[in-house]
Amino acid sequence: MPDTSFFARGAGLTVGEIASRAGAEVGEGTDPNAVLTGIGPLDRAGPDDCSFFDSPRYAPQLATTRAGCVFIAQKHLALLPEGLPHLIAGNVQAAFAKTGRSFYPAALLPDAITTTEGISPRAEIDPTAQIEDGATIEAFAVIGPGVKIGRGTIVSPGAVIARDCAIGRDCRIGAQVALSNTFLGNRVVLHPGVKIGQDGFGYVAGPSGLDKVVQIGRVIVQDDVEIGANTTIDRGAIRDTVIGEGTKIDNQVQVGHNVAIGRHCVIVAQVGISGSTTIGDGVMIGGQTGVNGHVTIGDGAQIAAVSAVSADVPAKSRWGGIPAKPVREWFREMRFLSELAMKGRSARNERDE
Amino acid sequence: MPDTSFFARGAGLTVGEIASRAGAEVGEGTDPNAVLTGIGPLDRAGPDDCSFFDSPRYAPQLATTRAGCVFIAQKHLALLPEGLPHLIAGNVQAAFAKTGRSFYPAALLPDAITTTEGISPRAEIDPTAQIEDGATIEAFAVIGPGVKIGRGTIVSPGAVIARDCAIGRDCRIGAQVALSNTFLGNRVVLHPGVKIGQDGFGYVAGPSGLDKVVQIGRVIVQDDVEIGANTTIDRGAIRDTVIGEGTKIDNQVQVGHNVAIGRHCVIVAQVGISGSTTIGDGVMIGGQTGVNGHVTIGDGAQIAAVSAVSADVPAKSRWGGIPAKPVREWFREMRFLSELAMKGRSARNERDE
Amino acid sequence: MPDTSFFARGAGLTVGEIASRAGAEVGEGTDPNAVLTGIGPLDRAGPDDCSFFDSPRYAPQLATTRAGCVFIAQKHLALLPEGLPHLIAGNVQAAFAKTGRSFYPAALLPDAITTTEGISPRAEIDPTAQIEDGATIEAFAVIGPGVKIGRGTIVSPGAVIARDCAIGRDCRIGAQVALSNTFLGNRVVLHPGVKIGQDGFGYVAGPSGLDKVVQIGRVIVQDDVEIGANTTIDRGAIRDTVIGEGTKIDNQVQVGHNVAIGRHCVIVAQVGISGSTTIGDGVMIGGQTGVNGHVTIGDGAQIAAVSAVSADVPAKSRWGGIPAKPVREWFREMRFLSELAMKGRSARNERDE
């Protein structure tokens, strides 16, 4: 069978090199000169692949893996089958991730779709746009008046950049992205279908229906932000909407007007953040969670998936539930309700007997 | 008033033909030679239309319908107005659906947008792409290097297919779809705005922020899958993301990396499925439900809408709630809580008196 | 620093003109001839800006604002710093919104992306389409056979309008919008990525999988509707899907087949409305709420965010929760559960002591 993977293997690395890049220790009996060229999960990795073991529930796969080498923690060494080459790592997932990045540099950033270099003759470029040499604008992309684009940036087919937006260097603007009223920093990755800078949702009741509240703010997306497919971020009403440096946002997230998200946050898919909310640095929000408008989530807070945040969340706390509360309280309530319902049923059953 | 419907009526079928195709029985006093040409709900169907009755709550509409013929179950015959032509069916909805498919074959699959045949001169096609005769590529579609597209497939305007993707025969790739790292089977329908194959959401904490976990897997979409507008499906990290044969996915669903969905599943709008989760065959998941990562939902399980699945769900079971549990347990808890709250209020009221 | 805002200031208005347009009263000691040119929040407004004060929690910002003039309610006058020019309004938010609309007329409607006038030679227009003079069709838009487009309407780059759709006058069709089987009224605004008119989600179990229920209805979007980015609205199955006059829909909302939404409703982001549901006039639905199929929400009802509506909701009522119930009942249950869990903990603690 031909190789049908989308990411080619390169020349590979020796086990010793892998260990040294990942800050791991070459295990006893493991040949540091063996060469590996790829990565895979325990049950699918072959002799050329590096794999990893991070939970005893995968012990059966560890026992039978054909992987050429396995990252493992010191505390799990007893589970290692005799003779399996291994690398001992303090943080197995981080070590494995680093190895993946070494093997597949082409997977670090989305590619251009076409083999165009520079500006495709089939892109529509306003003559007042300023595009640095070394930027790529693919077919059917549209660049409006006054737009600035930095070198190393790729604008994919069908992306539409409205007037006066600025895009930094080495960005990836995916297919069918629409940007307006937006400034992007450097190394920002926008996956296909992201829409940034359209009107926030603001109306007031008027004599004959709903009157629009004009939205005159901007969206500022700082360096090294990555935003998932079909996510939407509205521009500010009378402030700016801000996404802080290094923050990662998953697919189909909605960010309302005037929201300020801090640095190095992780926002999982389908989260919705209502207008004028402030989120600190290093915050994690689980999938499908909703955050009310005008609340503040402190630095380092973690919010469970499928929660509803309707009040301020203190820094470094862990909250969850609908409405969200400290996780301990939330778990207690859920457990208590289950126990009560169970007792209720027993009582009723006794009565019925 | 001119006909403003988007799907034209054809020559029609006789009531006898309709009955025979739908496996229904021509009712007493019903003329099997009458010709019908369309379908409609009881309150809007005219003498040329076939309609259906499947619940006593629509008895008022049945009493006054002007439909030319009505599918009805044996058990509801007593509700039938005198003289209304009818067809007796075991499964009224399936019989009516079959009739709809007979009358409106053009509605079975999305159309091309333009009247282009073959490859539009305004599409951007890499010279290394392999496109079978009989495929249609519309204006402003982009086909990358090494892409394969089967005959009978339509790629709509603005769709972008990245390098080395393969698309089978008789597929419909809607407007503004983006595919990368993806193989599609035959007769796959992707509605507008679907994004498949972009990076899964994986990061590990590094010394200066979040480091990317490379995503080197693929997305495999098997035959006869249909996927709704603006749905997003990420490619696998070190496995593949798989959507099984015949599965139907609604609009704005999010499917994370490494997810495996079985055959003939029904996934309703706005569902989110987190990474590395496995879903069996014939599973139904109601709208807006969230499914945690790394869980397994067994064959034939049904999950209620607006639920949160955080643990494995046994085959053929029915679960619901936040967090999801067997529906019986879930309903009991909700009922119990309502009763308790009611009692609590009474007690307080008595105290206050 | 150069002005990096996307919306330019005009010649401005005098404080007296602002008051008269907004129906406000010029405050004591406030110069009616002072000229203002913009708007801003209290903490960022400068001497040329009008601002507003609507809640005592912003009293610190009011105390230190540099704004040229502030809208304020009679009841808050005591909080006003000495000498701050002000306008007294009955409805501060409406007065401020009106002022914003006066200052920034260009922000009332999305712009064209390019400077194209009329029909771009790089748009793909079917010869049978009827486009009124004064409509703008931008590059890479696609207009199918039989489509009608009214004057003053802008179709943005990459938008795709399928056969026989009709679009009224002065509409804004955003980038990457896809329309099929749809009629739009006048002054309809569709933000980027909106998809309207694709197949509703209907299947019946057949002998070898799921059989399609043909979707032959239309989508009717009435005058003055605004629809947010990446929202999806399916066409009717055997009825029409209808969005009533003046209704405002936020980003990433999903509207199923046959849904009828009334006039002047407000539907916040990520709401999902299942098939065949009917929503009255003036209904407000908070973000992420799910509405079951085949239910009715009465005129003027308000549904809280992150709720699940599974039964009919009476007109003018306020409901919330999962499942949704009258808000009073919902709050009582939540409070009751918290209290019980608290007592349960105390009891357990006592036992443990």
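As written, the chain order gives the labels A, B and C, with residue 1 at the start of each chain.
Throughout what follows, a contact is a pair of C-beta atoms (placed from the backbone, for glycine too) under 8 Å apart; a residue touches a chain by one contact, two chains touch by 3 or more.
In this text, all values refer to a predicted model and were calculated from it rather than measured experimentally.
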Residue-number overlap at the chain A/chain C interface, same or different (half cut): different
C-alpha-based rotation, chain B on chain C, 0 to 180 degrees, nearest 5: 120
Chain A and chain C, separation of their C-alpha mean positions in angstrom: 27
Overlap residues in chain A, where contacts from two or more other chains coincide: 140, 158, 176, 193, 230, 252, 270, 288, 322, 337, 340
Chain C - residues contacting chain A, complex: 4-7, 39-41, 44, 91, 93-94, 97-98, 100-101, 103-104, 107-108, 110-111, 113-115, 120, 122, 138-140, 156-158, 174-176, 191-193, 224, 226, 228-230, 245-246, 248, 250-252, 263-264, 266, 268-270, 287-288, 305-306, 322, 334, 337-338, 340-341, 344-345
Chain C-touching residues of chain A, taken from the complex the two chains share: 124, 126, 140, 142, 144-145, 158, 160-164, 176, 178, 180-181, 183, 193, 195, 198-199, 201-206, 209-216, 218, 230, 232, 234-235, 238-239, 252, 254, 256, 270, 272, 274, 288, 290, 292, 308, 322-323, 329, 332-333, 336-337, 340
